[in-house]
Each structure stands twice: as structure tokens, then as C-alpha cells.
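What follows is one structure encoded as C-alpha cells, with my remarks underneath.
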Amino acid sequence: MTAPVGVGFVGTGWMARAHAHALHTLGHVAPLSRPVRLVAIAGRDAARTEAAAAQLGFERHTTDWRTVVDDPDVDVVANLASNDMHLSPSVAALELGKSVLCEKPLASTVEEAERMVAAADASSGLAVCGYNYRFVPAVRLARDLVTAGRLGAVRHVRGAYLQDWAGTAASRRGWRFSDPVEGSSVGDYSHVIDLVRWLVGEPVAVAAVIGTLDEKAEGLHPATVGEDHEDWYAALLRTAPGVTVSLEASRVATGRKNGHYIELFGSQGSLSWILEDLNRLQVYFREDEAELTAGFRDVLVTEPGHPYLEHWWASGHILGWEHTFAHEWLDLLRALDTPGQVPEGLPVFADGLAAVRIAAAIRDSALTGSWASLQ
Amino acid sequence: MTAPVGVGFVGTGWMARAHAHALHTLGHVAPLSRPVRLVAIAGRDAARTEAAAAQLGFERHTTDWRTVVDDPDVDVVANLASNDMHLSPSVAALELGKSVLCEKPLASTVEEAERMVAAADASSGLAVCGYNYRFVPAVRLARDLVTAGRLGAVRHVRGAYLQDWAGTAASRRGWRFSDPVEGSSVGDYSHVIDLVRWLVGEPVAVAAVIGTLDEKAEGLHPATVGEDHEDWYAALLRTAPGVTVSLEASRVATGRKNGHYIELFGSQGSLSWILEDLNRLQVYFREDEAELTAGFRDVLVTEPGHPYLEHWWASGHILGWEHTFAHEWLDLLRALDTPGQVPEGLPVFADGLAAVRIAAAIRDSALTGSWASLQ
Amino acid sequence: MTAPVGVGFVGTGWMARAHAHALHTLGHVAPLSRPVRLVAIAGRDAARTEAAAAQLGFERHTTDWRTVVDDPDVDVVANLASNDMHLSPSVAALELGKSVLCEKPLASTVEEAERMVAAADASSGLAVCGYNYRFVPAVRLARDLVTAGRLGAVRHVRGAYLQDWAGTAASRRGWRFSDPVEGSSVGDYSHVIDLVRWLVGEPVAVAAVIGTLDEKAEGLHPATVGEDHEDWYAALLRTAPGVTVSLEASRVATGRKNGHYIELFGSQGSLSWILEDLNRLQVYFREDEAELTAGFRDVLVTEPGHPYLEHWWASGHILGWEHTFAHEWLDLLRALDTPGQVPEGLPVFADGLAAVRIAAAIRDSALTGSWASLQ
Amino acid sequence: MTAPVGVGFVGTGWMARAHAHALHTLGHVAPLSRPVRLVAIAGRDAARTEAAAAQLGFERHTTDWRTVVDDPDVDVVANLASNDMHLSPSVAALELGKSVLCEKPLASTVEEAERMVAAADASSGLAVCGYNYRFVPAVRLARDLVTAGRLGAVRHVRGAYLQDWAGTAASRRGWRFSDPVEGSSVGDYSHVIDLVRWLVGEPVAVAAVIGTLDEKAEGLHPATVGEDHEDWYAALLRTAPGVTVSLEASRVATGRKNGHYIELFGSQGSLSWILEDLNRLQVYFREDEAELTAGFRDVLVTEPGHPYLEHWWASGHILGWEHTFAHEWLDLLRALDTPGQVPEGLPVFADGLAAVRIAAAIRDSALTGSWASLQ
């Protein structure tokens, strides 16, 4: 019988709940070569951590993250703590040759992210950054279509991440508002930056503006970078092969609940996707014009042949947001079986660093009022 | 410490997977007064049942459903087997005072369903019929709006359940095609009948036609009831208070993957919902017309205040189909804590019987070419 | 120089406005072999008719419809009056060898409609019935796809016409409420019946229920046919080749403004269309499934190659409802150039009669509570 | 009897067709204080102009625009010629005290636009710039909601104009490709700039990139401003009160036919609109959250109380793109009755100049790679 993979968590918040849910789920929906064992969980507050351990099914709990990292039964450390805690436990685990799944943004500064990548490079462990939206079946199908050339040459891309949870004065509390950078829209919404990179390649320059909500939570004003909360930003990105991307992110966009959106226009076709309807992909093929029946196809990505769907239900039965984590862990666990090979699409620390660099360039550009180079 | 609730499964198919997923999930997303223990699972094929037990996390497995029913550690029997197996294990468990969750349709004939209701009436156990779509948050919100009178008097209702999985000759294999009634569209799509009953009350008469796909899977022809496969039906229902409902169901509706749809028109407002986008509810209020801003509101039912959402993620993070089962079990398990009180909205065997009677009336009407009475 | 085609109107209401708009429009958007001359208009009220003549650009006006019919300059009589006026002016004009465009429903009774068809058969004039939705470019494209076999064998069809203008007590005034049949939902919404016939063929039997709003405009009750206003109906139709159609129409469906809807499911593909978004057609091809990119295509029917679009604007510039009439007149006027040949798709009096017969069968079925035969 | 308003056209292209259509339409849908007379039309090609005069219903035609401008029967000159012809006829007409409706963009350079505004300021004539999308009922409703404060303080705005007509090598012919600036996306899509200004106020700074399709109509590259065709641009705009607007326009966005889009996020509500579905407005009110029924309302802007709808059809009958011109002329003609008063919402030459300045700033920013000031 194969030994289980031991998993340890650092962090007890809703990301911990989502990841634990995925690990509980995986065992009974997908065939794994080794079972998963939830060994230990660490949190700052003892009582809350004990409760989390009980609810999420961990064997042990502690208020010291080092105990989790050092635990000999822990093979993979999931770093699900707040952003300022991403660095140390991740590096410590990698130095022990353990694998890490660290939530995004990888770090709050480029310097920290670079240290994390260095640790990953020096380690035999796998270092994954939690860009879970790569694991949405519809997004994976989009990637497959782009890679197969079905859209031709991509011309321009529109990305957005629009929410409204921080749009009222009463909602602006907690750790995300204790600091201008921690939990900012620039960092939090780096998902859309990662999708852009993954789908169409590296940006080389960025022009951006950042906005902050005024005191009464009414209008938006230009942010003083480093001082004001980053509630909104818009950015233009030029990629290596040409002009390509417009981005926008907001946490004060009244009425948008999870408007993580991406739209690609190519010479032979186009596609769009939005997280609120994550099981659908809109695809347009120019070749359909010949028969006068061209139009964006509303593809419900729940067929058995679609990415990851072999593990799930019958056609037409949609998956929830939480299963992005199941797919993420599935690919991570399989990668453990083939050391040295990172499967296509698994976001690693280098991806996390790239996103942090772009976020930094967004801030630079907003600060200087000029284009910032990413080369 | 409280004793766990022991659950036994009869059936190892994809419904077993879905229910097991729910039971694994519940423990770590919602507070339960007693933990759940997956005690035993029964299936016809020994090897397949052993594998299912391993994958789904059951302690024991057997090819004899009586072993599960009789198991002293089993408090609740989930009857997830094919329709012809709904009767005996359910009745046996109820006779032992155990609770049962039986999948729909409750039975293939009215007579069998009546025996099951009689067993339920005579038992101290809870007898639940698996109409899981009552547990979709958006559907529950719809029910709340109707109950609160926000739509005024309901005038007419449109329901449908459109799929296409049986639309090709190659797909028409397996137990659903071994018999004209087992696995028919009339029985399988009784979900929409249940929603109609639950949302607007009892039908008293029905006129219907049933269709069967021809041999080459091209056109649809009138079915000879009792001989042909029931691939499609359409029905008109009159309810006690007036004219109200049109229904249609198909498993050969090319392009529709899970078009379970309901639309209610009331004197003060209207609403519609479709399973393919199960997290959304469309709601119209006539009072909005005064300000010239009336229109169906596209409500994303993922806010903390929405039904069942307190247990889940942040606003805008959609749930998958599978969590209908989690909510179903949540309400069932809570009902065990308050014997004698069936919580509002929990579908019981009497609901299953009512749906079977309507299905029978649909067949009667299709057979005779006249209205069938349900009184 | 070619002599103009003289047109006379019977009726001054909003249909007169819509048809006049079309005739004013045609001259400057499409090449006509003969110009159109608006000769005379007749209405019941002298002052209102004079005003209509001035506004709509008619040379002459009268309160006697015979004056229009007899006018030697009038070649085509457009009968746009209320339903009870459809018979006499249409027959009189046809008896003079003139052409007629009569609004739908052709007549209130089968007997009247039969007399009108007899007059049409005996006349050298063209007798057109105003089913203008055949002239929506998207509907014409749908017809082209069906005719070309792109959907394979049609299996079943869903049609509906849902509005809410008669849903409040205050709105239930005027001639449509002076009589249970005139202006009823069964007759008014015969558009959807015509589309079904045109797209998939003749019904042979019908089962239906009709509903009437109660006094306080709250709930819907079964109508006493011939006595109550017909506010809603639902019908099942069997066509010659098999089971096919479910229909529903309502003028009390709160929130639906012009929900004229049709949905066809075939063995190779499917389509749907709704009047509120009349420039779009949703089309699904099963063959797209092979590449995992099947989905309903949202076709914006405004390309130069689409039906009727050669006369209009650039791609993507949508047309309004009113241009259905322009297309209708375009085909009618062209048909005048080729006597004896009725162009494909032009709805004639025989089509009007067929729809009246189906409406009568709907009433028969609702009255008797049994299926009504149409053979 | 009142004297008619004489209208003269400069230009015979599809804009001439659209404006003539509007003028023919107006007379029979809306009450005008004075009738409209189509006096004369000028075009470069004699034969084509004669044909246009016949088709569109003009009394006279000429190849010299001065003949139209000088015609004593012409009160209003509609300048519908190519962009390089906007200046001279407009100024000449204004100098004669005549009114002008000049298509957009007002001019190709700021200097020309300034001369046109100077001529307008010095004239007793009315000088209107053809931003016809202000006359879409749904857009006017959006403006009314913003003005009434129903959205609270506007925070940020997303605008786009996405088409694909220039996306293939074969399509890149004609005058729009004879010059890098004439007919560029920056100028052509100034509609979206005008809507932004009208709805939320003046931009004060802009950062932009412009792209050009490569020779083989595959990828997009940064444009050399002044040399390359401007096929795409994206811009960030800061307005006087704060950070607000992201814009994007493309004529190579495969699959988008008329994606003119605007989305406003305010503190109390939000709205969005797209030209392809021009009769609809999506509106969100935060106050609806209290009842758990908040969602974007899909408002079909065809009710009698909606802007401009009093002149049209019954509820739910959608209008086409072409009627934006009818509404534009309606407001222009009414403004002639009240000299000195420009009705709210009528776009004048100053609006045209403002849009030209923003277009120039977009080019400046793209050229210099830095923010361009608009103050």
C-alpha cells in the first residue's frame, strides 16, 4: 500500500476552508496514486485554530507555523495565511525539500518574491503559486484553443476583475484596510494578470492609474501610491510581440460580485469568459461566417471530454468555484509522482514573481505618470 | 460527545458519488449537531461495490441491501439504486424505525408509491424523497418570494426540463432503455413537477402527449404508452385555484444540456430560473415600472443572506450542482434532531407519491387522448 | 416611366402608422420597379381620418371604406381595420381584381375566413395575410436553415407569445375588451401559430386550455369559452409527421413585453428566436460537439448576406420591429410584377385561414376538454 | 400654413441614406411644427448624386456643395461627406446664418475643429455635431438616471467600441485606408468619447496606446502615429473630479459587430448599455440589496414613458439603429423653433471640438509614451 501524502496548512481563514474542501473532495472523485492525509494546521489564534482543525479534519494543530513545516509527516505545506506570511513558511518548507502551495499574491514586494523563487530553485520541492483560475475547465479549454491556433494570432485582450465588496464605508474594515498595499486591488486581483500571462505571454511595459475611494465611500480619486488604499486600477500592457492588453480591476464596482473577465481577439476567432458564469466559454470562429451562422458560441464546459470533467457529473451539471482548488491539487499531487516535471499549466513561483513584478510596475506607472518598463 | 449519525447507501452509481460527496462536504462547511459516519454500502456487483466503498469512504460493503438496512450502526438509509429497487429497501428501513432518503421518482407505479407512503406514515423514521432542486439557493429564494406574496397572485407557470443526452442512436443503451417506463423522461424529469407543486400547489387535471424517438434517432413520434420509450412529453396542468401550468420535458432536445427551467407569472411580479445557471434568479417587480426602471433583475444568489449561503464562500463565488445534495442532507440531519417536525421545504414520501400520480396521469392522458383527473 | 402602385388603407390605427412607415421607407432603401403612391385612407371617425391622412401622407381620405376599395387609383388595399372589418373590404377588393394585404387574424370565424379564401381564389388579385414576423431577417434565416436540412429532422418545437399589457385592471379597456373573441390572445397571438406552420408544417390535432383574468386582475381562471376574455392559452399540437409543438400565449405575463418566442429541436441542430431581440438567432449544430466547442451560436443577423439585409446598413446595425412591414411590402410589391407566382414565404389568405382553424380548434378543445382534430 | 424647413445634404453615402430615412420618417411619426422639405443634395459623382436624389427624394442635385449651401430654400445643411469635407461647407453655411448638422468626427485636426466652433459662435445658425447615440432612448434614460443622482457619485466608467469589419486583408480598401488618420478608429469611434463626456464630464489627462494590424492582417503592432493605420486603441482618462475612465476601440476585434459599450459604476448604483442591443439598459440599484433581490435589471426601453418612445409603437416593439437619426433631427428641428436655446443633450460643435481634442491627446500620448494633458 502506498504511503499517503501529508499536507499541512498555514492559515485558518476561508482559503483554508476552500483548500480543505478540495482535499476532502479529491479522494472520492478522482483516482489518486497516493491518499491525502491532513496532518496539521497552524493559525495565530489557538482557539480558532483548534476549531478549524476539528472542522476541516486535521490531526494536529498549533499556533506556530514552524511546527507544521517541520512536521515529518508533512510533505506539502499549503501557505494560506495573509500576504505578509507568505515568505517565511514557504522558504522554510522549500529549504527542507518539501513542496509548497502558496496563495497569491506570492509576495507584497518584488524582493520577497525573488527570494521565494530562489528558494524554489534551490529546492527539490515543488513550489506552486495559487492561481486557481487556471484550473477552471472553461479557462483550460480557452488555453487549449489558443495553443492549438484556433484563434489565429491574438490581437488584443481585455481583462477585468470587478467586485463591489469594499464599496461602502461599513465594509472597509479588517486587515485589508490596515495597510495600503496588503489586500489591495492591485495584488488581490493579480488573477487576471496571471491569466493574461498564461494565455498570451509576457508584458513588457505598463501604463496605469490607481484610484482610492474617498472617506465617505462616494467618489474615486487618484491614489497616492503607498499611502492610499488601492481600490481600483486600470492598466494598459504592451506585450513582447505587440500592443495587446487592457486591464481593469475594482472592488468598488457597485453591482459586480465576481466580474473576473477575460476576452481575447484573434485573427481567426475570439473568446470570452467570466468567473460569475465559470462553466461557460464564449467562442467565435471566423470560418463560421461563410455559412452566415457565425456568432459567439455559448459553450457549456461540462461535457465528459472537457478538461477535468472526466472526474465529475453528467453533461450539463455545473461545477462550483470551489472545484478550481480540487483541480489545482489534483495536478499538484500528480506532479509529485513525476519529480522534475512540472505539468503544463501548473503555476509555479516564477509565475507568482512575474505577477508581483507587473503589480509593482502598475504602482510605478501610477506614481510617475509614465510608462513603466518590465524588461 | 454526541454519537454520530450512521448512514448506509443502497446503490453505487453516480447518485451514490453525489450523495457521498455531500456528506463528506457537510462536515467541514456547516455546523452539525452530530457527526456523520459512512457505515455501509450495498451494490449488485461485488467488485464494483468494494471499489465504491473505498473511493467513497464507507466502512463496510455488501451485495445484499438487507445487510445495510439491518446494520445496527445505520440510522439513515439512502436509497440511490435504480427505480425498481426503491420500494423494498425503503419500506424495510422504515419498518425498522430508520430514516430513509430515497431518490426520485419515488416509485414506478402509484401503487408502489402508496405502499411506501403507508410505510412512512407507520414509521418513526423520517422519509425523504430526493427532490434536490428544492435546495438550490435560488429556488429557495424563489419560494420565499412567492410565500411572502412578493409576486402577488400567481397566474401561470411554465416549466421545462430539456436535455439531449438520448438524442443519438449510439447513446440509447443501458438500463434506461431496457424498459419503456424505467428511466423515462416522464419519471426522470419529475423534478419539474415537484417544483411546480412546491411553488404553486396541486394540479387537479392534466392533458399530455408523449413522444418517442424513431429507430434512427431522427424524428419524434407519438409514443404507444407502455411500449415505446418516453423520450419527450408535454403537458398542461390545471391546479385547484385555476388554470396554471405548461410543462415540457425532453431528453432529445439537441443542444440543451440541463435545461431545467421554471417561470412564474404573478399579478405583482414574476420570476424565472434555469438549472444550467443555477446560482441566478431572474425577478421582476411591477412596482419598478413607476420609475421606468422595471426589468428582470439578474440576481446572483451568492450573498451571505441568501438561503444556505451562510455556509459557503464570499459573495459572487458560485456553487456547483452537487451542493444541492449537501443542503438536502443538512436539512435532513437537522430534522433528525427534532423528531415529529418536518422542516418547511423538505420533500417527503407524500411529495414523491404526488409526483408519481401526476406522471401516471400524464401517461393516462397520452393514452386516452383526453384530460386525466387528479382528484 | 412606370406607373406607380396605388395603395389604399382601410384603418387609421397604429397598424396604419406602421404600414405607412414601411411604404415611406421602402422607396428610399430598396429598388422598386414601380413607385408607391399613397392614394386614399378610410376610417370611421372623420376628424381622425383627416389627421391620419395628413400625417401619413395620403392624398385622399374618407369615412367609407368602399370609396377606397372602388378608387380607380388604388391597386392594393391594405386592410388594417379591427378584426370585424377584415371580411367585407377584403372580399370587395378581391372581387374587383385588386390585391389585398389584410392584417391578422384573417377573420374571427372559420366561416368568414373560408369566404375570404374563396374570394382570393376567384380573384386575379394577390391576397396576403399580414404575418409580418415571417419577414424578420433572423426568422427567414431560421427558415432557410430548416429548409436546407441543417437541423436534420425536427423533433419538437416550443412556441410562446408572452406580453403583460392586459395584466392590470386599468389596462383592460377599449375594443379588445368589448367582446370575448375580438382581440383575444388566441387570435392576436396567431403569429406564433403561423411561424410554427411555416417552419414545421400543419398541425392535425390540438389540446388546449384557455384562461381569463379574474375581475380584480389577480389570478387566472379557466375561461368559459365564448363568454370570458381570452387572456391566456396553452396548447399542445400534433403535426402530421409526429408529436411536435407546445404553445403558450399570454397578455398577462407580468414583465414580458414582447416575448414572441420559438425554439426548434432537430436531430442535427436546434435554433431559437425571440421578438424582443429580433435581430438575433441562436443556432446549435451537433457537429460542433466533435471539437468540444458546441454551443448555441448567438448570430447577429445583420450581415450583408443575411435575408433582406442588402437593403440596409452596415454589419451590426440592428433593425427595428417596424421594418418587418417594409420587407413584407417589398415582397408583396415584387409579387405584383410576376402575376400568378406567389414568392416563397409570402403568407396568403390560405395561411390566414389555417391559423383561424387552429384558433377555432384551440377553443373547441378548451370547451370540450378533449383533443380537437384539425383534419 | 407654416413654411417648411428646407434641408440640403452634402454627401451621398450611407450616412445620407440614414439621415434621409430619418427625415422621411419624422413627418409621419412625430408632430413637427413645420414640415421638412428635402431641397438639394450634393455629391462628387454626378451620376451617383442624381441617383441618390431620386432614391432619397431630393428636389435638386449638384456636384458642387456650394450650390446646396447657397440655395435660398435650404435652411439646414447636413454635412454627411467624408471627414476632409467637414470644414468648408459647414463654415460656409454658418456664415450665411444657416444651421448645420455635421457628422462626426467634427474635423481631423484640432485647428480645423476650432475654426468650425468659431464659425458656429459667430453665426445665428445652430451647429450640431452628429453624435447620434445620445438619442438612443436607453442612453437618454441612462443620462436621466445619472442626472437625477440615482447612481450616486460615479466612481469609474468603462467604455468600448469593438467591431471587426477591418480585420481581414480583403476588407482593408477604400478611403478609410488611403490615409492613416482619416477614418481611423480613434476618430471613428469618438462616439464613445462623446458618451463619456456627456455622461460623466470632461477628461483632463489621457494615456493611450494605438495599434495597427500587420500586413497580413494577423497580429496587432504598436502604430507609428501619423504613418500607420489606427486599427485599435486603448486609453485611460482622468476626469476633473477624479480617476474614472478606461476606453478601448477596435475595428479588428473578430466577432464583435457593433460592440459600442458603456458601463458606469456609482456609489448607489450602476448601469451598462451596448449598441448591439440598443433598446436595453442594465441598471443596478444598491438599495435593492436590502431585500436580497439586487441584480442588474434588464430594462427594455420601449415603454411609452421612456425617452422618445411616445412617438413610436406599443411596449416591447424594439426600434432600430436608424431611429437615432430621427430623434436627432426631431430635437434639432424643435431647437429651430426656439432660437438661442440649445436643448439639453443636443451635441453642438463645441462637443465635436472636445472629442477631437481628446483624439489628439490619445495620439500625443501614444506618440510620446506619456500622459497627455487636456487642460
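Just a few scattered comments:
For clarity, chains are labelled A, B, C and D in written order, and residue numbers in each chain start from 1.
In this section, a residue touches a chain if its C-beta (ideal position, glycine included) is under 8 Å from a C-beta of that chain, and two chains touch if they have at least 3 such contacts.
None of these values were measured; they are calculated from a predicted model.
The chains that touch chain A as well as chain C are B, D. Comparing the chain pairs B-D and A-D, the larger number of C-beta pairs in contact belongs to A-D.
Chain geometry summary: the mean Cα position of chain A and that of chain B are 35 Å apart. Inter-chain spacing, taken between the CA centroids of chain A and chain D, is 41 Å. Between the Cα centres of chain B and chain D there is a gap of 53 Å.
The residues of chain A that reach two or more other chains are 256, 294-296, 300, 303, listed in rising order. Remark: chain B residues 14, 17-18, 20-21, 24-25, 27-29, 55-57, 163, 165, 256-259, 275-278, 300, 302-303, 313-323 touch chain A in the complex.
For chain A in complex with chain D, the touching residues are 151-156, 158, 160, 162, 164, 167, 207-211, 213, 217-223, 232, 234-236, 238, 241-244, 246, 248, 250, 252-256, 265-270, 284, 286, 294-296, 369-371.
Residues 141, 145, 280-283, 285, 288-289, 292-300, 303, 305-306 of chain D are the ones that touch chain B when the two sit in their complex.
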